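Pasting the structures in now, so scroll down.
Look at the two complexes coming up: subunit A is in both, with subunit B in one and subunit C in the other.
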Partner chain A sequence: MDTTITQSIISVRDLSKCYWIGKVPFPALNRVNLEIYDNDFTVLAGRSGSGKSTLLNIVGALESADTGEVVVDNQNILQMSADQRTQFRLQTIGFVFQAYNLIQVLTAQENVAYVCRLQGKSKLESLEIAAHWLDAVGLGELGSRRPNQLSGGQQQRVAVARALATNPKIVLADEPTANLDTVTAQKLVCLLQKLHDDFNTTFLISSHDPDVKNASSRLIKLSDGHVIKRWDEALPPADPTQLSCPIKNLSLSQRLRRLFEGNPAQ
Partner chain B sequence: MSHTQRIVEPVIVAVVISNLIGHLRRTLLTITAIAAGLASLIFLWGFNDGLHRNMLSNFQDAIIGSIQIHRQGFFEHPRLSLYLSAPERVIEALETARLPHWSRRLETFALATSEKTTEGVMLIGMEAEREAQVTQLAQRIGNGRFLQAGDDYSLILGATTAKNLRVDLGDPIVIVGYDRFGALVAEEFTLVGIITSGEMGLDRGMALTSLRALQEMLDMSGQITGIVLRVADDRLDEIAESLSLKLAELDLEVMPWSEMFPVVQEWITLHNGFLYLFVGIVLFIVIAGELNTLWLSMLERTRDFGILMAIGTARRQIGLMLLLEAALLGVIGSLLGILLGIGVILLTNQTGIDLSVLLGSTSRFYVDPVIHPQLNLDHLGMTVISILSASLLAGIYPAWRAVKLQPVEAIRNG
Partner chain C sequence: MADTARLGIGYYLRLSLRNLLRNPRRTGITLITMVFGISTLTLLGALNDGWLNQMKTNFILSFTGHIQIHSQGFEASQSLQDSISEPDEILRYTDYAEIIGWTLRIRTSGLASLGGSSAGVQIMATDPEQETWVTSIHENISAGRWLSPGMADDLLLGRNVAQSIGAKLGDKIILMAQRANGEMVSEVFYLRGVLATGAPQIDRTLAVIPLHTAQHWLALQNSVTDIVLRTEHHDDTDALHRLLVQHLSTDRYEILRWEELDPMVSQWLNFSDAYGLVVIFVVILLVLTEILNTMLIALHDRQKELGIMVAIGTKKSQIFLMMMLEAVILILLGSLLGYLSGGLIVYFLGDQGIDLSHFSNAFQFFYMDPVIQPLLTQDSAIRILGTTFVAALIAGIYPAWKAAQLPVTQSIRIQ
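Take a look at the complex of A and B:
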């Protein structure tokens, strides 16, 4: 894992966001400042309500902020129009959500191919890319299944394939393991880590899952909308044995097959 | 960006189709509702048009024909002094215009007197041999026979008039009237036929005889008061206008049936108005039904729309999806509705719809008891366009609401 600080790909300055329920304010982020570096595997940690998801949503151009500045891949996203934000999400960001968020009427392959087609690729090319990424996450055989025919772990792997299929610069994952059992969650973390290693994509993951935190190269801890701890120096590589992931030296597809072997439902 | 937007539309179509297939029961229910609504409307229009066509045809066939040509003012005040001064020029114009179905008439008011009583009648002298080209009066004879070439003083009465005069076939009837100079004239006729049509206008107050006999009685040899034409319904106005122009210098009135009896046209317009109202109600039901479907579909998929927006789908494309869905439901439902509606019309056109139970013989108003629905392309087009527009309209509000969704809120609350 290359832990050298290269350059900042996400720069957050004095970011504040407050939600209102009626006349009652609920501050979510309060003057947050942070940098995320290119190719890092950064985890945003913190309790529920600490502001992790809000920060991810703002960085992913899904939500606006009250004040501050967010520069992602040299683009000031808070000044973008709705259409520009849509294009930004499509071209720059890959999302992995807690609840998988696949389109139920589309097959796994169609779910992944959909984003490629949004990017203007042909149907055939999109399906090929989707097949490649489904293979990369170990679901090459299940492309024709709809989400309701897949387990939670499989659905989340489809979501990971979808997030990477557009070749994004950044993958944002919001509590990706929260809906999974411990073993499946560990395997998913391994998968994310391997994909990060192999494809040199920046990962920013919000999670309070210890396995996810252990896998991170940088950790930022939020509490009540503030950054309370920051490990700006790269963390030591995660111990693969702790992640039930003793497969680091195999090829990606070999590792994935091994990773999910014997328990395809995960 | 525009290039990207243009070429991604097929994927929107793919998602829409997947969604329609993915929710097959809902899709089929909506399509069925649209198809049934449209088929019902098409059939109703077909029935309505068949009924009107039948009524108009019978109305013209009864006695008035399609167009009548008189001296100016005769229709309003039918006086013998307003006879046609140059009938041969009118006939020449008809021949030139290739209008072969015409017949001459001489009309006046008179009193019909039997041995028992007297009754006022409209006395019409007609050409027995040509009358079949302009009316179906001969078919309406319920007792006796119609006029024949060579008849002298034969008379045909309506059933009610004959009953009032208490006469039967072969009885003598004296007709008393005034000639064009106001002198009293009278002649004895023999009753040879009785009209039993069921229509009050024919059965009461009508007396028919041969043109030649009436000309003799009124001392108007070779004179007539009008010419009756029968033309195709779809050319009626065009022919009437053309003849008016051609015969302008003769001081004539060229009157289509709708001008002579506007109440019939007004009745049809009113009847169509009721149907337009009905169309409106059905359209409202279609809009409400489809709006309900699309609205529920939108609510059900709020989360999906949020996801689609989050992963890069433009709001415009989200709106397009719902509009496209509405359009597809409308188009498929309409196609099925057209097939079903036309099929039922074609079938019932052959078999007819027997309404004799509902139509008493005295209250038919020129309507046959068996109706043969007709396909009117204008009404078909209007109805189909209305249903399609209604379908699209039903998609606008859900599409607008979907476009207004915020991705995060949609995912969170959907």
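Take a look at the complex of A and C:
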């Protein structure tokens, strides 16, 4: 991975956010400054309540802030209207949440295809893209299952496929492994890393999980709403042999990449 | 590409259907409640309409006819001075298609005496033939027979009148009345029949005699007080009324519809309307609470999922559409099935009707039949289905709007 010519894709300046319950303030973020570069695999660490979700939600244009500036992919997202934010989330961000990510009445394939349809693609094309991405996350066979017929790990993989199916600039994942057992979590981390290596996408992941931290190229630690530590290239690059990666057949994702590159309208 | 690119109503319709099937028990209970409620209300509405229709028919056919034409002022004065001297002028209009029967009458008050006892009566003189085309008085004879054409001294009395003066068939009875000039005159009649209609107006006061006898006896020549018309259907009344008002001088004539001829009638019509309103009110309450409840529970259960849908790029308008469609499907299914099953009950009750005679003798009065035949009218269908739909739509809008306004981040945080 080439980190010498990277440019900033997420830039957060003096960001503060405070929740109010009645007249009692609950500060969540306090003058946060950070820079995330294109194609980074960054992990946000920090104890529970340190502000990780709040930060991800603001960067993902899900939540407003009190003060500060957030520029994502050259767009000042705090200035956007509600409709613009919806559009921004759809086109620029892929979301993976902690659990229960999926629409229960849609099959795995339909769940992935849904975001493509929201983007305006036809039913056929959307289902095709969904099938490819389910393949890429190793669920090619299970596309016709409903979420309640999938394991927690499989559901998370469908969510990852959905997050990538719109060809987003950034994938935001808020504790994607928190509800999984250790082995399954490891597999998911491995998958995320592989996908990151294969696609030109920036990953910003919040996690307590040491495996996730190991996989990252950068680690940012939050405490009480402050950025307290930043490791840039401080960690040794993750050793793929350390993690057992069950995902084979990733040549398929190469095909996908070509699919997108050959179709710039997407 | 043949597919439509934008995600619209078709897509969310399928999603809504699947969401309804996701919780079949809840959907089923909602539907059953709606079907039960709406079919019951359909039946109640049909009973009300059937009862109303029977009362109308009984009222109209027992005495008044659909439309009466009087000389202007007669309804108020009830005086022979206000009579129509040239009825033929009006009878020219009786070949209107809507009119299936007409008769001429003279009405005035008088006294009937037998031996020492006497009773006040409403004398109605009518043409023995023509009357049978307009009302069913001739069918409601408990003893004896109807007026016989050519028999000038025939008399029929209401059951209670006959009882009060102790008259039996064949008795010689003296009627006394006042001519237009104020002169009191009396005439001898023979009791040929006793009327028992159930209508107090008739049973307690009526004395029926032949028209020609009365015209001669009361020195009225060709004059009559009423021209009574019968239309084919109750609903034709207003159209015929408009037509007559156009063609006849309203300075000379008063043209009255059946509901204007008895102040009691407008009262029970109002009562029936009020009953209809209560039924509608219950319908509204039922579907409103039912739909509101179901949709709010669904909203609560699915808050996380809705939050995720918005987070990944679903528009608020699409969330609103999806939730609204769920409500609309429930409403349509519930109200149609409800109306259908109500209709089936009405159909199977059919001509047999519901016999209430075991419960009360009160049905003897006031033109009511002891057996109520429920009636499904277009009006009530529109009323029930229309109100149901509007009420449920309103009930659906709130949860759908709420779903679209859900705070996304809070919804996502739900575990």
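Observations on the structure shown:
Basically, the second predicted complex is superposed on the first by the 233 of 266 C-alpha atoms of A that agree within 3 Å, B and C clash if a C-alpha of one lies under 4 Å from a C-alpha of the other, contacts with A are read in each partner's own complex, and residues count from 1 in each chain.
FYI, a residue touches a chain if its C-beta (ideal position, glycine included) is under 8 Å from a C-beta of that chain, and two chains touch if they have at least 3 such contacts.
Computed from a predicted model, the values in this text were never measured in an experiment.
On the superposed subunit A, the positions of subunit B and subunit C overlap enough to count as a clash. When the two complexes are overlaid on their common chain A, residue A:131 makes contact with neither subunit B nor subunit C. With both structures placed on the common chain, the touch criterion links A:105 to subunit B and to subunit C. When the shared chain is aligned, no partner comes close enough to touch A:18: not subunit B, not subunit C. For the contact definition in use here, the residues of subunit A common to its subunit B contact set and its subunit C contact set are 57, 60, 62-63, 82-83, 86-87, 89-91, 95, 97, 101-106, 114-115, 117-120, 123, 162, 166.
The touching residues of subunit C, counted against subunit A in their complex, run 1-7, 11, 15, 18-19, 21-22, 304-305, 308-316, 408-409, 412-413, 415. Interface residues of subunit B facing subunit A in the complex, by the touch rule stated above, are 1, 3-4, 7-8, 10-11, 14-15, 18-19, 21-23, 303-304, 307-315, 406-408, 411. Remark: subunit A residues 53, 57, 60, 62-63, 82-83, 86-87, 89-91, 95, 97-106, 114-115, 117-125, 162, 166 touch subunit C in the complex. Of all residues in subunit A, those touching subunit B in their complex are 57, 60, 62-63, 82-83, 86-87, 89-91, 95, 97, 101-106, 110, 114-115, 117-120, 123, 162, 166.
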